[in-house]
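One structure, pasted below without further comment.
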Amino acid sequence: MHGTVTVDETLCKGCALCIPVCPKGLMRVADDRFNARGVHPAELIDPANACTGCQLCATMCPEAAITVYRAAKVA
Amino acid sequence: MARELLKGNVAFAEAAIRAGCEAYFGYPITPQTEALEHMAVRMPELGRTFVQAESEVAAINMVYGAAAAGVRTMTSSSSPGVSLMMEGLSYMAGSEVPAVVVDVMRGGPGLGNIAPAQSDYTQMVKGGGHGDYRQIVLAPASVQELIDHTVLAFDLADRYRIVSVVLADGSLGQMMEGAELPAMRPPRAADASPAWALSGAKGRDTNLISSIHLDPDEEERFNHHLQAKYAAIEAAEIRYEEHLLDDASIAVVAFGTAARLAKTAIAGERAAGVAVGLFRPITLWPFPTDALRDLSERVEAILVVEMNMGQMLEDVQRVVAERCPVGFFGRTGGVMPMPEEIAARIRALAVELGAAVSDAPEEVRT
Amino acid sequence: MTFDVIIAGFGGQGVLFAGQLLAHAALDAGLETTWYPSYGPEMRGGTANCTVVISDEPIGSPVTERPQAAIVMNLPSLVRYEPLVRPGGVLVVNTSLIDRAVERDDIDAIAIPADDVAAELGNPKLTNMVLLGALLARTSALTTAQVGATLERVLPARHHHLLGANHAALARGAELATEAAARDATPTA
Amino acid sequence: MSVLAPPEPALTPVYSYPDALTHVPTHYCPGCTHGIAHRLIAEVIDEMAAKERTIGVASVGCSVFAYRYFGVDFAQAAHGRAPAMATGVKRVRPEALVFTYQGDGDLASIGAAEILHAAVRGEQITVFFVNNAIYGMTGGQMAPTTLLGQTTTSSPAGRDRATMGTVLRMSELLAQVDGAAYVVRRSLHDVVQIKRAKKAIRRAFEVQEQGLGFAMVELLSSCPTNWGMTPEAALGYIRDEMVPAFPLGDFKVPETRAEAGA
Amino acid sequence: MARELLKGNVAFAEAAIRAGCEAYFGYPITPQTEALEHMAVRMPELGRTFVQAESEVAAINMVYGAAAAGVRTMTSSSSPGVSLMMEGLSYMAGSEVPAVVVDVMRGGPGLGNIAPAQSDYTQMVKGGGHGDYRQIVLAPASVQELIDHTVLAFDLADRYRIVSVVLADGSLGQMMEGAELPAMRPPRAADASPAWALSGAKGRDTNLISSIHLDPDEEERFNHHLQAKYAAIEAAEIRYEEHLLDDASIAVVAFGTAARLAKTAIAGERAAGVAVGLFRPITLWPFPTDALRDLSERVEAILVVEMNMGQMLEDVQRVVAERCPVGFFGRTGGVMPMPEEIAARIRALAVELGAAVSDAPEEVRT
Amino acid sequence: MSVLAPPEPALTPVYSYPDALTHVPTHYCPGCTHGIAHRLIAEVIDEMAAKERTIGVASVGCSVFAYRYFGVDFAQAAHGRAPAMATGVKRVRPEALVFTYQGDGDLASIGAAEILHAAVRGEQITVFFVNNAIYGMTGGQMAPTTLLGQTTTSSPAGRDRATMGTVLRMSELLAQVDGAAYVVRRSLHDVVQIKRAKKAIRRAFEVQEQGLGFAMVELLSSCPTNWGMTPEAALGYIRDEMVPAFPLGDFKVPETRAEAGA
Amino acid sequence: MHGTVTVDETLCKGCALCIPVCPKGLMRVADDRFNARGVHPAELIDPANACTGCQLCATMCPEAAITVYRAAKVA
Amino acid sequence: MTFDVIIAGFGGQGVLFAGQLLAHAALDAGLETTWYPSYGPEMRGGTANCTVVISDEPIGSPVTERPQAAIVMNLPSLVRYEPLVRPGGVLVVNTSLIDRAVERDDIDAIAIPADDVAAELGNPKLTNMVLLGALLARTSALTTAQVGATLERVLPARHHHLLGANHAALARGAELATEAAARDATPTA
């Protein structure tokens, strides 16, 4: 596993800008739930552990809602 | 015209158009922006002038220019924007050009908020700019009056070569209410221009629109001329409403939206047997001094209600001159005084005065 | 007679239009009326509300702290307005978006799954009309017929093909409210 | 960066919420790129470890509440006057990193004199100019930056050159002024542009630190709400309509060190 | 320090420096320009900030910024320039920053002229900007007081986080008179910054200087907080002068230069046996309400003298509440009321009141 | 031209006092070139036979009394706001020839926003911008146009770039703006330049008549009083000091007809 | 005689700008008299009728005080 | 004792300085004093004036409509101020620039060809000192000695080489005034 992302649902506004920028197409709007603002937050769906931690989603996110992690390297 | 459901901001803008406003200059600011937006649609449609100015400073000086050129012209804004117009308004007073300004007041000071308030009383009624000058200030309490006062403001401005202010607030600007618009006045004849206006000095001496009088004696003479005009306006143009005052021992004094809210409270208190009525200055300047003085001789107490911390209050105190106690109830910062609260103040006053009052009826409308 | 109602929900749910329609209808009925919206950046947060007052006398305040009725179209609106409705008043709740129950028992609470009903009627934009129909059925200010007639006047011509659906939504809302009332045997306001 | 517990212990955060932001949900509309501008500025403040010596000056516009989101000292200026207020702050706090954050109505319309003269004086402040070609806060009126033909609530038939003039390009204009040391235009419409924007923000702060003069970064930004578009479509509008009218680029960079790689 | 012959404009500028003013922002305008020019020389000399702003709008907002950053700061201007500061002053009140503004008033309205006047009373004392706010207003009557009030203005501004205004006029600004400057205060320690000021949030929570309160309730609470502060100032900071009032049956009420002119007239009338004295409000806000009320119970008549058409007059009328007649004598537009004219008004009043007065002495100084 | 009786009957006047001036002695200091600017404008108004349809807007500065000298309808605007006032006049009197007459403090400092936006909107007005690099009326303070190092009463040690910035060249700036149709700089320091200035004044009025947009003629002018020079030395100062800082030339001319021979 | 000039002494401020521009050096300040402003006005001294009516003095005059005449041509 | 004088002339004639010197001297003498200039564009026209008041009590007005004395250095100033001097007052006239005679006979008019005297003294800039000397000789407010002493204090060091000439000018003015007085036998004010 290379990387993963978490979405802070209290910050997310469901604008969906993170979705098209993911090169692997791993982000989507979680239409099964609303956050306190009444919008469907974004979520990472990555069953195949395809996320590379490239940070494109986080770069695009207007709410700084996305945290990106990578597997720790022994540097 | 039939009664329609009209939003205050749209209503006064359309009323201005029908009163013959040929040029509107403005800058967006909540809660008056719908007026500017209405003008943006309608004025070009009618071949008239609409300019979104770069600022309120520019807007008032464009109005100054159009007024100097002799056409009916106006701007509208809200409190912070109006503060930026003080120099311009002083110049306009100093050169006696007619124009209309609608101030849809909001909560302050500073950026404050966009909720309804009445805390520009002093700056508009007393003159927030420098020098000794006056503006006619009309205080509507309904969308219908907002319309009627706008039309009246143009007529008075022209009659006296003065700036007329319609002092509304966010609630009047934003609400919809049934009201009737006036008929469209026929457009001004292309050559109908006041004799003093700038139009090119063809076949006459040149005209000058200016507020400079470098010689103090001359400036003083000009000021005396202004004061004489102001005295004439005070003699002829005072407007106020008296409501249930004939037998009242308590008079609420309030203008605009505060007066409207007070009316509901008064209805309830009347039902409960309190002899209370409303004195509503419609012209804030000229202030209904004589009528209020008379009233202060008849009633036992006065309660001033404002959506500020007591601005008109000082005028009421000055006129009443301690003939009767003057109480004050104000909400400010964008909070509207609810009829129940006003009623409670009236009730407390009545009890203090020893009046026999029944309990409040169960269902007073708020 | 004076009646006041607050209609509240997310922006885009037709809150302001439902209120305007009511006010127009009141005017058509020869009554006094005011419509007062939330405005400015308050709307940026995504919520919107308006207050409509209807009366046979001149209206003092266009706003109220304790409305006789409220229509709440989302959870934040329920949270905000449930405590404010006057005892004996009416609270119309859009249960499609609100899964919390009404807690007060001194008011007439009407649960309408309005989004679902609108979807059933084939147009999700009709939620507001469904809820308005429900309100009208449980209050005496105006009838659905009066409001329906006004709708024909105020709906822009280009939307007239939607008139039928709007009428149906008003009627269905009213029907559901009446049924619920019969079920609960709660007295109407 | 405020480091959250990672979802799995073996993971290290490579990007997380900037320290210089307050973790308060913003009031901006979904997809509004004001948020991106905020984030980038905060990231740079973090990278420069400048949080404790930065003073921001918010303007009047949708970003009026910027002070809620930045974890730095803030002032909230009158409409258009942020450069004047920032002048007052910076002159008496020369050690502080002072920036203004202004919309296009604020900076290019009512505040035109203040921004011009801050540049003329070469004030050592950094200006972030968020240009969305419209007045967002007040509900979508025309700005001096509104595109020709663009409909707004105050140009309902589209901006008409004859009566309303045409787009005012502030970066080009201010670059003319000697006191301006660094004036560039960037865009927030895609990831590549966002990265470039961040570099410019950094450079603009550095120009201030080095005492080189007035620095401004113009950021082309979206207003999905008042443009009546989805957030994604709004980014496309920036790319397709705004960038041609407002060319990206460096209009003025300090002579001592040309901006590379931006 | 010894008494020197000092020009008013230079005197207050130097006094500000000695009171610890670290930043001056201004824009030239007659009759205050010498103050800006003095600052242009002295501030850089002392390593302090002098900026000639692009306008008065910018100047007041620079002051706002420097004040927000916690240093003693000021601007000076004259009437039209001051009108352009109304929005900024309202913001400063709304965010409670301390600063000093000197208004060297001139004739108006509009461009008017550059001669001395007092017709900015309303805009400075009542608040020419929007919202419910107050400024401390000091009215000097000599170059010495201009100096002393400037120093006091800084101290009061800091004590209450408020804008203090020194309301001077063209004659005070332009004239030279013997006066003593205060000693130079030691410079502020580099780290001495008020806790609320913007200085970088090092080792503390962030500070915010703002006037926005979007929630009306919050805005109202803030306004109540302001009002409480204003009440504290009214309780502690009222200043006025009583001159020859002990046995007076006539009181002249005047401020600033008008009061000074009145004093000459009073000396003459006293010599002629008229029991006349002077009541001089030194703080125009807070207004010496109680003292004036007391006075109005003692004297038989009041004569208000102003260099305007009757602005303070309204406050006097409000306070006096018809307890005694209030007459008015005003010259405006840059004309100064000459002592002889004032004396004639006093005399007429005395005759009306039936006082036994001898003829005026041959040589009353004018 | 108001023709006086010639000193001898055989003589015809080839130059005499313009009709569009009022024959009132001016309040300007001896040798002040404001007077030349007035004369040229008046001559052009005469040549265009436009006296009865011209409306002037005076600014605040030494030329505040311009209305006394021009025999045309006049307004006297607030300091810096002449372009806004002229906008109001021209929009409702499109048939009139509307001009403003502004000093450099008025136009480039306090009125910077108004002049910029009049240009942005492409207002059909003609602006005469009399640049004497100083505030004349108030006794010689620094203007945005003051030369670097120039001493004035508010830059007593000379204009210092670090704290006061350096010269603002308004013509170059405004020429950037699309709505500006005609922007040129001329000088009044000698007979050749004066003749060129007159041509530009004429062209600027024509641009308005032809509805081509905003037109401005900047005129480098002297202030012998506040420069502390004789009138003649002041002309030399324009030539030797001001012209290098403010290059003469055409910064923008209507595309349809390039300015020839100026 | 080609031309001549008259100076309106009520307008003239004695600034002397007309003097150096005269190619024939015919203008001078009349230091034998003051005008109402208290200045010595300019005057043409042209005993030899050298003035060509070239208008340079008038072009330079800030007060528009100079009127220039030429011998009438039969055109 | 209160004394007031207006000094008026063209800009550049040293009007303002002469007044300031008088005020400085009054202050040095422990008296109250005010100096009030004409200012602003009024000066653009080329005229300047100032009013000096000297008193042993606090001074009310720094201006006066009817001065006890006036120094007029040019014709417009004579025209303006001659009618205003109080009966019995002093009017010092610079006859070098004024060829009109004083018309009033109820004042003490002193004719001094001050420009010529200054030229004789070798410095045309001394006109104002000559006239001031004349004034001092005919009024009792201050003596030329007092004013001379003050001059040493207030004259910038770089001009101290001119002190002698200034003293001489004051003295010569006083001398001429005294001579004239003796000639006219007009009582001094």
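Residue numbering begins at 1 within each chain, and the chains themselves are lettered A, B, C, D, E, F, G and H in the order written.
Operating definition for what follows: contacts are C-beta pairs under 8 Å (C-beta built on N, C-alpha and C of every residue); 3 or more make two chains touch, one makes a residue touch a chain.
All figures in this text were calculated on a predicted structure; none of them were measured in a lab.
Engineer: Need the graph distance between chain D and chain G over the touch network, please.
Structural biologist: Minimal hop count between chain D and chain G: 2.
Engineer: What's the minimum number of touch steps needed to get from chain A to chain E?
Structural biologist: 2
Engineer: Would you kindly tell me how far, in whole Å, the mean C-alpha position of chain F lies from that of chain A?
Structural biologist: Distance between chain centres: 61 Å.
Engineer: Rounded to the nearest whole Å, what is the centre-to-centre distance of chain E and chain G, using the mean of the C-alpha atoms as each centre?
Structural biologist: Taking the mean C-alpha position of each chain, the two centres sit 54 Å apart.
Engineer: Per the centroid of Cα atoms for each chain, what is the distance between chain B and chain C, given in Å?
Structural biologist: Centre separation, chain B to chain C: 35 Å.
Engineer: Find every residue in chain A that makes contact with two or more other chains and list them.
Structural biologist: 37, 39
Engineer: Which residues of chain B are in contact with two or more other chains?
Structural biologist: Within chain B, residues 30, 51, 54-55, 57, 80, 87, 91, 95, 110-111, 114, 210-212, 214 contact more than one other chain.
Engineer: Would you give the residues of chain D that are in contact with at least 2 other chains, written as numbers and ranges?
Structural biologist: In chain D, the residues touching two or more other chains are 28-29, 64, 76, 78, 109-110, 112-113, 116-117, 121, 137, 144, 163-164.
Engineer: What residues of chain B sit close enough to touch chain F in their complex?
Structural biologist: These residues of chain B touch chain F: 22-23, 25, 49, 51, 53-55, 57-59, 61-71, 73, 87-88, 91, 95, 198-203, 206-212.
Engineer: In the complex, go through chain B and note every residue touching chain C.
Structural biologist: 3-5, 30-31, 114, 142, 170-171, 174-178, 260-265, 267, 336, 338-340, 365-366
Engineer: Within the complex, which stretch of chain C touches chain B?
Structural biologist: Against chain B, the touching part of chain C is residues 2, 4, 20, 23-24, 27, 32-37, 39-41, 55, 57-66.
Engineer: Within the complex, which stretch of chain A touches chain D?
Structural biologist: Touching chain D: residues 3-4, 6, 8, 10-11, 13-17, 20-21, 37, 39, 53, 55-56, 58-64, 66-72 of chain A.
Engineer: If we count contacts the way the header does, which residues on chain F are in touch with chain D in the complex?
Structural biologist: Those in contact with chain D are residues 109-113, 116-117, 119-122, 144, 161-169, 172-173, 176-179.
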